[in-house]
Amino acid sequence: MAQFISKKVLGSTLTLVFVLVFNFFLFRVVQPDPVANLFRGRNVPQARLDQMRTDFGLDGSRLTQFWAYLRETLQLNLGFSYQSRQPVWDDIASKIWPTVQLVGLAAILSAAIGIIGGVIAGWRRGSAADYSITSTTMAFYSMPDFWLGMLLLVAFAVVFPWFPVGGMTELGVEHSGVGAILDRLHHLALPCLTLTLAYLGEYAIVTRSSLLDVMGEEYLTLAQAKGLRDIQVRNRHAVPNALLPVVTLAAINFGFVLSGAIAVETLFSWPGLGKATSDAVLGPDLPMLQGLFLVFSAAVIVFNLAADVLYAFLDPRVRPA
Amino acid sequence: MTLIVGLTQPWETLNPVIGFAVPEYEFWNIQYEGLTTFSANDFTPQPGLAESWVENEVGLSYTYTLREGLAWSDGTPLTAEDIAWNINTSRDQEWANYIASVANLSAEVVDERTVTVTSSTPDPKLPSVGIYFVPKHIWEPVADPATIESYEALDGVGSGPFVLDGYKSEESLTMVVNENWHGTKPAYDRLIFRYFSNPDAMVAALQRGEINAAHELPAASVAQLEADPDIEVITGVQGGFSEIALNLGAAEGQPNPALLDIEFRKALNHGIDKAGGAEDLWFGLSEPIDTISVSANPAFMPEISDAERFDYNPAKANEILDAAGYLDTDGDGTRELPGGGENIVLRHAVNTDVDLANEVGELFSGWMREIGIGVELSSYDQDQIFTAIVDGDYDTFYWGWVPFVDPTPMLSYWTEAELGNFNDANWSDQRFEELYVQQQQELDPAARLDLVHEMLRIVHDQAGYIAVWYSPDIQAYRTDGFEGWVRQPAADGPIFFSQSSPSYALVSPVVAAGGNGDGGGLSGVAIAAIVVAALAAISAGGYLASRKRASADERE
Amino acid sequence: MTLLEVSDLTVTYRSRSGDVPAVRGVSLSVERGGSLGLAGESGCGKSTIAGAILRLLPPGTGVTGDILLDGDDVLAMNPGQLRAVRWTKTAIVFQGALHALNPVQRIARQISEPMLLHQTQPTKRSAATRVHELLEQVGLPPDRAGAYPHQLSGGQRQRVLIAMALACDPDLLIADEPTTALDVMVQAQVLQLLGSLRVERGLSMIFITHDLSVLTDVCDHLAVMYAGRIVEEGPSGTVFTDPQHPYTGALAAAFPTIGDPASRMRPAGLGGDPPDPAHLPTGCPFHPRCPVAEDRCATTDVRLTPIGGGIGGGLGADADGVRDRLAACVLVGST
Amino acid sequence: MTSPTMQRRLASTTNVLVRFWRSRPGRIGLIVLVVFGAMALAAPLLADRSGLDAVASRRAGAPQWGSPSTWWPLGTDHLRRSVWAQFVWGSRISLFVGLAATVVTIAVGTLVGVTAGFFGGRLDGVLMRVTEWFLVVPFLPLAIVLATVLGRSVWNIIFVIGVTSWPSTARLVRAQVLTVKQRLFVDRSRSLGASSAYIVRRHIMPNVSGLILANATLAVPISILTETTLSFLGLGDPQRASWGKMLNDAFFESAITRNAWWYFLPPGLGILVVVLAFTLIGQTLEQLADPRLADR
């Protein structure tokens, strides 16, 4: 097991290094001198510019620059945002939690609902339930998530003004305890619903087709022959096997949680990483964009690793001895 | 109690030495009380930190007496030394935003409460000094040309009614009441500015009561807001205007060569439908403007005759272009530079942080298409556009200004000294420079008015800075939130984001006439709770149902 | 006493391209304590019969006829009754490839599941003890109880399936190709195990295979199926040594090559493939492969006709010349 | 003269077409697509270009935020531009970007997949490593970063989508090439002395082309949705109407709070319908290529 995990970790580390290299070249090519950019052409003494270049590791050859970049990045020193003038990492760190709240909740809800829908649809293939679940989820899957959000916004914030049009908290009202949680949920409802609906299609479709793959298996006939109810056959024998690929999908998708909701966060002014990305695009605030991209990639890599390890735990066939 | 004000332009920095965005000025106006302030009615100087002043020599020397017992918000006494230090240090270190106001000034402490300010040249703005006085004990360590511009100014120590408490860029700025302020203590204790990247969201937030008041509402929303009985809309005029600025080539990066030809620029002016734009984009709340507006005081606006005015006339524009040799010889619908040069395609920079910039980009493309000139749009944010302007890496862009009472700062923006800084036309003119110095020292108001008029005519005739329309401040407040709003100027000015924004210290919460004014929010919260519960129930439902049946089966 | 009585069973699968008759009028019976071998090539319908007995066929499949299990009509049972019968009266041993066991459950849990379901063991603990007994009975070390299917060899998996089938002490055991995936040595062991279990416990058994030879040791009776029908039936010794139908003869001739995959696929001396149930040949379904086929075999169908102690196959149950044709088939079969 | 091979191919192609047409989802998808394709091609006939120009629209007397009427069948926007004209002309960009980006995706994916699968060995190892790297890098942020860096134009969007979405195609094609290659070695039909190019052209490509076609059809929806998202975030070409740009305008110009449904409904519905059509066609093709899926 230890060998298996260390091998996977090594692979992930290599991928991370690749992302770092890629990031370095991508942004260094488009932005040769971040320091000059930072001062926007104001008259700044040359000595100070030089000092900052040294601080940022911008002097010396490409190779020394790369080592400096690597060293700084590993210390989470990602430079300064043009927009906020704060260290990029501080900016990002303050936005992780809102995104995790919104997209994480949506990811869990969509996985739960999508899997249940997929199981119902797949188990009764060709039934009215299958037909309606499959076509509904296909429709949600085929529309841009932010457009779905617009429709919900019009319906439940404009025509029926039950929910706020954006933001994360009601400013100026000091909520505490339950009030604060309810206030947060009130703001969370529409964006979370949007993302849940947008994501659940994939889970439903994958679960359904995975269940169909499993349904021909003889052990289900055996389970039926044992005298199990249909629903027991489904829940005890079919679903645990059908969910294996879905679990992998979910784990990988959770890696995309951080980067997953760029358009929807923008639509609902949700102050998370997605909105930070679309804000950084307009600048463009390259240091911020670079930092965000790095964080997003790292999240995906970590969750991919988690997916591999999790799969190994869930499926005894893959589990190393 | 908290007053929440929505706005649609973000803060770039809170440092008064370098900032220039409207919400930043609003913040400084609240946090830093002036030595003198402006009357809410007619902009005449009023007592501020100084309770009185003596005119030693008109336009040259004034002695101010500070109020008794002044203190900064952190309790440190505010003395004449603070005043003198600000004037002398900013002059010696040439602080970016200060230098135009203080270059000719020097200050001398007489005693704790007395300070004398002298000018080397006659200065019509006195006794108003026109700078923000920052606390010396906080700023002295960073007051160095090398570091002053990177200071973040998050200290929250000030002299006005409220001081900074919390700041999240692109999100919100919170201020709390300053216990040491000399004036009447405001009737509420917290003031929040909330930034909306989407103006629509701000309109909705105002209607829902999530914010108490809002600045820079989209003109398109006015009809809808006026229909709301709980909302009062204010269209405030204080000289603000918008322009399409051209790059006239004084920076390193060069514009399209056609822009350096005054005939071409005249044609461009004739091609722009200011009235149509004002009607479509402002829904009749604005009107065209002939040239730049340099003061909140309308008297400074020169009279431009019909003959001189660049009226909207595409036919005339085409004639001028034909005559000047900008012909479309290859028949592709776009004119070329004289002598069969390249197609003329103007690089129009769209500032994504400025309201209406996108729409103006669309309109500008349409206007130019009609006179055979191509336009290439590209988007920038405030920061980037500033860099582009300084580098001269653009042809045209749309932006707006809100002038002060004193015309000098606005006029200074087109002087040679501001090239590479605020001179966003990359233009300078010898005669304009001379007049600029003269008006700065002219103490006779009528004579000064003439000088300024002449300067503005030069700007108009050069046709390089196309002022298009006034940009009134469209603001609104909820009548069930706060009352006692003050317009500045009193007749038709805005209720905040004005010259000294007196409203904040004066408004008070409306005493609720039965019931909790927050009712809407509460029921909304209840609905949220129900919906979330329902969602959870639905998602768990299927699973539980199957579970239940399964266990029932096992009992059989 | 008869434990299982199947009469005139037909099974028709529904598919998009039309109905597929998989079993076409089969009657058979198993005495208490008796054992029946069901032989035939793949697609002949023998596994379908196994599925029909426990009603495990896909929903919508057309089943007619009677299946009397211990006197109760299986086809008339409501779902509750059916579930109660499953595994307690009749259990199935599937072919022991990986697919018959749930890959993500430990085998102990899979074996004990029906005990707990039918309450033949009151607690998980007693079920666990029983699992250990069963594993010992089928010759597996009890400590393998915690293993996952993929950790076992093919023979071990087959033994697990047998142990599982014995979990609720069924009266009838249906072994559906229990030795197909195994090599010769293991095959013999499993057969021996089944044989001894049968004797020890007095089980009735239906033994399904396409390998006629393995049946003779284990079964009293043999039935040979072709294209959804039983073409020959009788005491196993008689059927094997004195086949009446040419097809039976071909199957019997495959005897020496036990365990060789190629011979399993194709009975000795027979060309061609078994017919596709969806597109049966006209007349006698066997005629395209029959070494003694005549012209009228292509147009006239076959009915089963009793011969001696059992029944045998031949052409023409219809009035004309029944005996003649049968004699012809019998003649060919015996030479 | 037609060779037997040609005839066989012709027959099998006809057969596939017939079977495709018999499948209801495939037929519906194809009809929808033909309608939208015709609309895109016939844009100049369906809507005057001047409807896209704010200044010309004002001159033509179009209302601001006009609801649908005879002259402006889908109403007008904040700048008096015809929403119908934007919808029709926008379909060109959206479809074009979707298709062109898919061509790039498939071209790169097939090249990498065939090369890796056919030549194998160290080259395969390197190419697959790179493919895995690209699979791990979050797709939309990468597209956003590239689009930001490259600037806002239709061609850049196509390039960006193509560059970011090829890896899954490459993996799929490689797997298929490997099985085909194995078959070739088994039945020894591989002619001795034939060049690699010949083998790829003659044996490999015909066997993977069905898969590639199905994959391409399923890649188009992703390309269209990506284009829409990028345009919504303001990374589209600012001077060309596309459905994504319409949604961007609708959102930032208050169409939602004014409930101007005629502005934000059509582009979204257009995307939904076209994406569904491509998905239906793709799934039908997939079933034809792999009948096992037919029961799904």
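Order as written gives the chain letters A, B, C and D; numbering starts at 1 within each chain.
To be clear about the criterion, contacts are C-beta pairs under 8 Å (C-beta built on N, C-alpha and C of every residue); 3 or more make two chains touch, one makes a residue touch a chain.
None of the values given here were measured: they were computed from a predicted structure.
Via touching contacts only, the remaining chains, with subunit B excluded and nothing moved, are held together as one piece. Between A-B and B-D, more C-beta contact pairs are found at A-B.
When chain centres are taken as C-alpha averages, the shortest distance to the whole-protein C-alpha average belongs to A. Averaging C-alpha coordinates per chain places the centre of subunit A 38 Å away from that of subunit B. With centres set at the average Cα position, the gap from subunit B to subunit C is 89 Å. Rounded to a whole number, the gap between the C-alpha centres of subunit C and subunit D is 53 angstrom. Computed centre separation for the pair subunit B/subunit D is 45 angstrom, with centres defined by C-alpha atoms. Residue positions of subunit D touching 2 or more other chains: 234, 251, 256-257. Annotation for subunit A: residues 158, 165, 229, 266, 282, 284 touch two or more other chains. For subunit B, residues that reach two or more other chains under the stated contact definition are 198, 200, 204, 352, 379.
On the side of subunit B, the complex with subunit A involves touching residues 2-4, 10, 12-13, 18, 96, 145-146, 149-150, 152, 168-172, 190, 192, 194, 196-198, 200-201, 204-205, 207-208, 210-211, 352-353, 379-381, 383-384, 386-387, 390-391, 420-421, 518, 521, 524-529, 531-532, 535, 538-539, 542-543, 546, 549-550, 553.
Within the complex, the subunit A residues that touch subunit D are 15, 18-19, 22, 26-27, 30, 125, 138-139, 142-144, 146-147, 150-151, 153-154, 158-159, 165, 209, 212, 256, 259, 262-263, 266-267, 277-278, 281-282, 284, 286, 289-290, 292-293, 296-297, 299-301, 304. Those residues of subunit B that touch subunit D in the complex are listed here as 198-200, 203-204, 218, 220-221, 224, 273, 276, 280, 350, 352, 358-359, 361-363, 365-367, 369-370, 375-379.
Residue ranges on subunit C touching subunit A, taken from their complex, read 51, 54, 56, 83-88, 91-92, 94-95, 97, 99-105, 113-114, 117-118, 148, 150-151, 164.
Residues 53-56, 58, 64-65, 78-80, 151-152, 234, 238-239, 249, 251-254, 256-258 of subunit D are the ones that touch subunit B when the two sit in their complex.
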